[in-house]
């Protein structure tokens, strides 16, 4: 288990401007962002659509260069390449349709050159943890959207990343199933001790799962609020019936409602 | 404005079984359902994914025949055809990519044979109401997913339906923007006095907007709970901060959490 | 009507027809010839001829033999081209190795395609010169490909026919002409659909006379004939002139006024059998040839 | 209120005029590159085998200004346009039918694909035997080349129409004829036009091949005559003419398709 | 077998039977079309001759070479065009108009380039097939979800690994279509070339049989050719259907 006081990843003064395509104007999509992720914490990001959340994730993972500012992971600067130790689950379904659930889950581990029996042990453990063991031999086309997303999560988990970046991983699920998957994610987080950064559209999800929540403004996205939830490490979705839960979501909503309204008004 | 006591649409003993395709077994998707929609009420349907919500809408609209039971709209049986007076907005994006937003919105009205100046007046009114006036000349490809869905809503509203069936119309939007669109939908409902049946994945949305909420079981979907919210006709999304709101969502959630867990466990 | 003449526009067979049309001989015979039909491949021309409004054609003899063997209803009514004077064998200008046929030993010789007339001519030529098996023979497909192959070194010698030769003369070196080895071989004959012939014997008679006038005109007025050919074939006058002069310079008859050369026809038949283009065994000319439509002075009893 | 036509439209990334100019510039560069390659090739193999561009253009000019070229072009044009009309009409009819009727599509598709794969030139004896000499054989030859791609593309386009459009049509109470004209045709049009582009070229090729064997007039006849007399300059000049004509038409159809195809593009 | 499969066989058998009946009853001119049973007899006889077997072997070798080369080059061209979108836009009209040109008229040029051997014909087949392969590869790459490429980067795959382990399997259905086109077009190109220009091969043999009024040989050869192409196509198609069934469509 990671201690919750050391810094695992840090961003300072990070912005990202998409260069002008054709004769269009450049798009200032993100920042400036300053953020320190503590090792082992569960951090969620919420914000209006198009505010730059996925861009933030790309920049943190080293998939896209920041236009200014610096990013560090475990003390080393992130530049050009995805550092070892970071696992990413994308917003889109990235399961490979030509591989079975098992082979999908094993893909990254095999890639990393692990011996096959080690791969097998890890994949089987992860698949049964994610409730996918009966579907190990199934192809993604035979799975529901939510199951496919779980396959992607399994693929990432098998490499045992120390920092897990999740971009709206439950987008394909209905609200109730999301809740259950959230519980599983919490259990996983407790078990592995990894740091988790979760991007989500759902305030409830963020309020329920996180140690800290970063609330982003409309584009260019910056953090307008950082909320500590104060939940115990042992928790699950039954928290929703607690009164503090209502207060918490109320606080986040209040901020975001203004943001969204302002964004929408500007667009009209 | 419709009185809230007369029955506008009614379903009794309605089921729908999808016939066996190929070597598969027939799928019992829905019912039996008994429901009376009161003229002018705002009714929401929530339930786990795949429980038959869209099927219910198809059957009510006359787009698909019930396997048993009867449906009536304004006293007349619904059979084979979509009755005049019903407007439908589908879960999928159904905006026509070959028409501009304006022509999309005008499509159904022109279809109904309205004179062109009447069409223009209605379309302009509806588009500005939906915040789409600046995009009247844009094609759907130039609009975001949420805007496209609004175009579809506009297309349906222009015909002034007396019963509006909405299938997850805000699926493409983030939670904050959904909230704002919900407010607009409420305003519209108040203005036109139409009956609204809204299918949604979001319990908050249902709790916020509706006079009544139908909670469905897992497939085959039947109503396991019918919740009266008791909200005043004049309301908007600020309701979320009221304590009764938390109670209400808590009640719905409790029922659904069990349902979803049971469904998930059975699938494992 | 349109008349079927094989290789009209690309070969010498059609010149008498061009002259007869231009000089009004067809008109005199009461036939309004508006143009000529032709197509690639002997069989196609035969089929086309038999399917035309006036089911007559001057076509390749091998195709006629094949058609007759397959039971098509046709009658041979006049002789056409009686020699291969239009076929020359050439090498590259800068290639001095081949001066006589004996120099072919160990070289590569291009002919159009298996079972064709050039296949037959080369086979006979090599046989006559005791070179069989000592020359590499390669099918090339056509003149264009042959010329390309010659340039590239794929073959050392290939054939070119008139009037293309007149055009290409400057680019290649002439070594010999096919008539040097096979002086008499009937290339084309006139055929008519038998059914039509029975009904319109006079029309065919007149047509043969008109063609004959064309042939005679070429002999008497080669220069004017060349001018007509140049116009109808859409080629430069000097090429037309050259090709006609070349043909006339070769010993022996090229354009028959209509009469048959049965020896030449037998040479063709035996040659084709040699390259297995037609089945072995005798071929009874008298079954297909009918001389009764020829002018009396050209008639000759077919030997059986 | 302003009329829909003069309403503001969101400014596209770059004005169309600028983009079009850029595209033309690129095309000019590619053209120059091809000409250079051609010139180079001519040097390598010799002008007697492959005449240089300038000589070819001069030759082409000479051919085109000769008195009887008009007749040949007219002959080919007449046969080609008839073949094109038949191939397009029949291909569209077959494609629409198969697209709309699933079972016949399943029955016919492998047969169509197999027919497509047949080296059609070997059918020329049969065509000649069936249609005799003259324009009908050429037309038949053009048709057998062009009809299958048109049918296959149309079928795919119709089958890929999103089902929600058809459901929307029913919800708006369109008659079957209206549905075909106002929904199916515009929705499938981009795919159909792609089929027409390929169909155009192949029909032209088929017509020419027909002319090469069974005609006394037309571009194909000129081509085969030039081939027989080893007139390389004419062969190359005519081939150039063909590709120029086909490219202009193909480019025009492509531009049309870009205008018609307003569906959102995949990818970010 | 599926219902569609049964109907399909019924349709084909019906068509053949109708032709047979029409020929037997004398509705069809024997000089034009012969009965299917005669065609089979012709095919059998053709297979018995050394000469025809030689033509067939030659054509098959030529086609195989054209096919292999066009698949490799077409794939490479497709990938290259995809990487160069501006270039691609500029050549886009050419890709569709390309098929209007009878490539085989350039046979003499290829003889000069490649010599008097089978390579000029290989070139004709290749030129016919390569563009179809490139177009389909491009189509597949266009629809390749960008998230796969991002996944490859997260998993730190080398460009080669990305190509072999992600790109190729991801666009496999389009490559399949490309392969089917390559088979069809290399046959079409090679046979057309033989038909018009060459002195050997199936195309030449058909043309020769036609010109010698030898319908039995001609239809026999055609039948063999069609049977071969169709069998090849059908097996590819079945294989493809299996692939799709697993992957659930494209």
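All chains are identified by letter, namely A, B, C, D and E, in their written order; residue positions are counted from 1 within each chain.
The rule is short, and it goes like this: a residue touches a chain if its C-beta (ideal position, glycine included) is under 8 Å from a C-beta of that chain, and two chains touch if they have at least 3 such contacts.
In UniProt terms, the chains line up like this: A, B = ABC transporter ATP-binding protein; D, E = ABC transporter permease subunit.
Here the structure is a predicted model, which is why all the values come from computation and not from measurement.
When the partners of chain C are compared with those of chain E, the chains appearing in both lists are D. Counting C-beta pairs in contact across D-E and across B-D gives the higher total for D-E.
The centroid of the Cα atoms in chain B and the matching centroid in chain E are 51 Å apart. Computed from the mean C-alpha positions, the centre of chain C lies at a distance of 40 Å from the centre of chain D.
Centroids of chain A and chain E (each the mean of its C-alpha atoms) stand 48 Å apart.
Note: centroid distance chain B to chain C, computed from Cα atoms, is 84 Å.
For chain B, residues touching at least two other chains, in rising order: 134.
Residues of chain C in contact with two or more other chains: 41, 44, 142, 144, 147-148, 151.
Under the contact definition stated at the top, the residues of chain D that touch 2 or more other chains are 46, 49, 129, 212, 227, 230, 232, 235. On the side of chain B, the complex with chain D involves touching residues 61, 63, 81-82, 84, 86-88, 90, 92-94, 96-100, 102-103, 107-108, 111, 120, 123-124, 133-142, 159.
By the touch rule above, chain B contacts chain A in their complex via residues 48-49, 131, 134, 144, 146, 173-177, 179-180, 201-204, 237, 240-241, 243, 246, 250, 253-254, 256-257, 259-261, 264, 268. Taken in their complex, chain E has these residues touching chain D: 2-4, 7-8, 11-12, 29, 31-33, 86-87, 89-94, 96-102, 105-106, 108-109, 112-113, 142-143, 145-146, 180, 183-184, 187-188, 190-192, 195-196, 203, 206, 210, 218, 222, 225-226, 229-230, 233-234, 237. Every residue of chain C that touches chain D in the complex is listed here, in rising order: 2, 7, 9-10, 35-41, 44, 47-48, 51-52, 142-144, 147-148, 151, 160, 163-164, 167-168, 171, 234. Per the touch definition, chain E reaches chain A in the complex via residues 145, 147-148, 150-151, 153-157, 161, 166, 169-170, 172, 246-249.
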